[in-house]
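Next come two complexes, and both contain subunit A; in the first it sits with subunit B, in the second with subunit C.
What follows is the complex of A and B.
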């Protein structure tokens, strides 16, 4: 066994970073969520701990916003997956290898511009008196009425988060190398069977990474919802931000954030469970367990395959 | 699939499928096939008929077109011209998954997310084989490959040799008429490779399946094949059994690629039966070249005798002798190999069986001799260089 200490030391800066900038703040948020807002000029106090803020969180307005957030989060992630999957597959498998670097760079291009600016860009495009709406009206359509709806938020998040889905999927498909797909076809499987039985299962880590990379930040996103959603496209992220920034009630904001974290974990777990259940029959159909060989005295014992095999070959040759 | 039998019955009467009469199941006919990648010609009007149940090797350096040829039989590449028939039926335009051939891939290409048994069952599942039959055939195939005890492990838990066996079982379980093997032993260490060579050969003769084996290792090709096709720049340079290829190579290229050769280049003299090289005059037993042209003589290291030079080194009566300095001795197990410097640009390798190898030290003056019957003469050929090594062709 290798000694552990050098590797652990190498990871120390990362651990320190994680502790100071991730674990500690989350712990603070959880701590604050049990406190209260003592006066109009103070943001939070924790001298008396209670679950009161959680009771406050679960009012009907918040519930409706949560439903909306979940809807956008799930629909947005699903859309990113459905759009990103063929694109990533094409980039990794079908596109000429010499062009792949360029394609990855093109996927990254939107990141060169500020997130907020890009989202405001969509506001301009989707506005009822924007150029798109004007152009549509010129050919006889109604003015665009998409801005400040949930649809606009969905469009915005798909646009903003799609690269985060494509990149891990691309890496995953790229890793499932050509010989495996060729072996599948060689053994009689067509392209669809090859995709569903070889390519997709082996891309699983990339799919999980892509879905989580999109779903988690999307659930907490409030810029897209603020810019494109208006009142109808309200998301939990906005409520949390407004508690911290406008209402100056950190205790309530923290409680909302904790509920959000909980909902994200729970929904991701449920999602994984659903996928597991749906794919269960397919996996069961292809499963084949042989079990240990029957104890025949002359048969080579398990664990001595090649040695026994070459011994038997020598016997055959010698005979 | 089942097409082989129908074609056999239908013979040449089936229109439009390119069925050829008299080509039994397991026959592979490559009919002046050309494959180009851009400007480079990978396979150049190659024709080859492989008999049913034959073990044939495509041998050559990387880039000679052997793998491309194999991939065209498998269906992963498509010929630009010519025809390929398997069991009498043209496979042009037939996708790999509808061909009655299976491949053992270079790096095995086992599915890492499936167990050994599931890997082997994959091909049968595609053909909608009943579950009980799948189970029995998987067990049989694993027994055949001596991998029965590993059925429920994942490929990543297996050694290279074990993975090799699984890949073999996965291909053979489908009972193809033709098995294609793409350098399957390349990743194994030497001892295991030699064991597997023997096993593959035994397996092939037991099953009677046509094996098409691609390799750059002449030892592999020599030890297993019924016939060897030595390829060069997309064409077959020589097609013959191992003995013929070894003893009567048609060109300096083949001579250099199969086994080892000492080459002497010079001008053809003495009725076309000798080469006047800078450091030796090499005589062959028979004349085959035009006097006065540029030519080369080849002699294998195992035919070269070596002794310490000196008063006792009497002329042994052989027409070919060369004097030089011993610059290297290496023990190779059953043989000793001597590297002798004859001159600035000419060295000579001699190999003697270890029990009768003379005791010589580096720096000794030595005299080498060989019989005229062991000398092969070839016209000048840029593919072979002095010392017995061949630069790979560029294509």
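What follows is the complex of A and C.
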């Protein structure tokens, strides 16, 4: 009586749409990456398959760009975390509850402003003929020379991805805020002890989500480096784009895209492993103190409503 | 409570430090946006060097059909892409919440894959795919600029709407639908009269978010767009190479206002549906 209609068929259009316009194109790129560029007029051919394009990707000049991207990715994610963590904590815990909505809105506005426009804003600020440079020169400094360097790219990515770090951390701290922290303080723990042994472990899913939400798109970034990096601040995203748009070598571009995905997955996996090892002693200590009857600290409780969906997704990301 | 009473008189240095840091980061987040807005009132040849205040750049927009066309293409694409994403995502979200099972994990896995894949990968994959469909298979539909943009822009949005609708419905019991079925409503009627209204806040929020996502999409648009239907971010990207003029800042300011209106509506819809600041942050912070 209840389950009369095969309701899961409602998802069929979305399945089909994503299979045709996401899975199939990506699969085609993987296939192209084993092909080659037959002549200057053709973009790719796949009648002979080989790993030659991958050998080409690992050539020293390309390798240097990969290294550069990895450096920007890791440094950018770390800076986002260090800058964003206190802000998220401030928004969720320190700021008066009545102001919280406003603060969230304030972080949301840059997040939803066009990525390219925000980055151009930095280009204007950092320009050697811009007002900041002029003002600095008036006080006796050299003209700004940061534009078109790796430093400018780092600044740009930290700026562009910071809201993606702050928002999940805010949600995580907001969930922890309240009774548990009070209890910790009532039991005699100081500010720092409460933060490191109650708040931070409970905010773990948010931290994992934030780090991945910043790191993955940052590694594939194409706009920031194009606008701020010039010739010196190359990233892999630009290499891939140039193979498709200017060099018209789709085979090589595809191989680069595949390698990029592998580098992201591999480095995220290695990072997760390192974090797991480093925090092992702390987690062991925490478990001892709180004890098995209260399985709060390690697993994020599958909350109700919207929290459940995002928490389960984050767990998958973190796994 | 007692904590507040005892602490009220003096503020610890750490609280002050948090406030200062928070305000500084907020200023950092707004700096380039304010610069763009101010620059749009610059009268001069180049965006970077300030000349004097005026509305010339906005008037120049009216005179330049290329920018006007680009904005119009973006608005059209945004509307259609949001419509497509909302229909597909709403149906998928309802299916996930009302017919749970093993397939839901597979589907969520697919959505996760769609939402974490770097945009540049989507972009370079869609370009050859569109060429394949349009030229090799002769489906001329896929040579159309707007169709290509709508497809490219809808991928991420389908995932966003599906998450939102599922999250909204999972939190509510299916009792109402069962009652409706027990009262002899047909499945279609139950869907229209019960399920859809329950999901409505998420559907509306999803539509508006999809619209803004499409309006601002730059990377995928730069790859799939064909000449003759250039959306505005791609126009800006190409202007980057030929020198930035104040008109670029003016069009950016206008689009920013449009985005803010859409976001304000999202927040309003969610507030009315009873969400807290944290809920809204979760909804609008990318799932």
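Simple rule for what comes next: the second predicted complex is superposed on the first by the 261 of 319 C-alpha atoms of A that agree within 3 Å, B and C clash if a C-alpha of one lies under 4 Å from a C-alpha of the other, contacts with A are read in each partner's own complex, and residues count from 1 in each chain.
By definition in this document, a residue touches a chain if its C-beta (ideal position, glycine included) is under 8 Å from a C-beta of that chain, and two chains touch if they have at least 3 such contacts.
Everything numeric in this text was worked out from a predicted model, so none of it was measured.
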item: Partner chain(s) touched by A:227 [first = subunit B, second = subunit C, both, neither]; value: second
item: Of subunit C and subunit B, partner touching more subunit A residues; value: C
item: Touching partner for A:201 - first (subunit B), second (subunit C), both, neither; value: first
item: Partner chain in contact with A:182 - subunit B first, subunit C second, else both or neither; value: both
item: First (subunit B), second (subunit C), both or neither touched by A:193; value: first
item: First, second, both or neither for A:40, with subunit B first and subunit C second; value: neither
item: On subunit A, positions contacted by subunit B and by subunit C; value: 182, 185, 304-306, 308-310, 312-313, 316-317
item: Footprint of subunit C on subunit A - complex, ascending; value: 1-11, 13-15, 17-18, 21-26, 28-29, 32, 43-44, 83-84, 86-87, 89-92, 94-95, 100-101, 103-125, 127, 129-131, 159, 162-164, 167-168, 170-171, 174-175, 182, 185, 191, 212-213, 216-217, 219-223, 226-227, 237, 240-241, 244-245, 250, 253-254, 257, 260-261, 264, 304-310, 312-313, 316-317
item: Subunit B to subunit A touching residues, read off their complex; value: 74-76, 95-98, 101-103, 105-107, 109-115, 117-118, 121-123, 125-127, 134-135, 138-139, 142, 146-152, 159, 161-162, 165, 170-171, 174, 192, 195, 198-199, 202
item: Residue ranges of subunit A touching subunit B (in the complex, touch as defined); value: 179-180, 182-190, 193, 197-198, 201-202, 286-293, 299-306, 308-310, 312-313, 316-317
item: Subunit C residues within the subunit A interface of the complex; value: 3, 14-15, 18-19, 21-22, 25-26, 28-33, 35-36, 39, 47-50, 84, 87-89, 91-92, 94-96, 98-99, 101, 103, 107-114, 116-129, 132, 151-152, 154-155, 158, 162-163, 166-168, 170-171, 178, 181-182, 187, 212, 215-216, 218-219, 222-223, 233, 236-237, 240, 244, 248, 252, 255-256, 259-260, 263, 267, 277-287
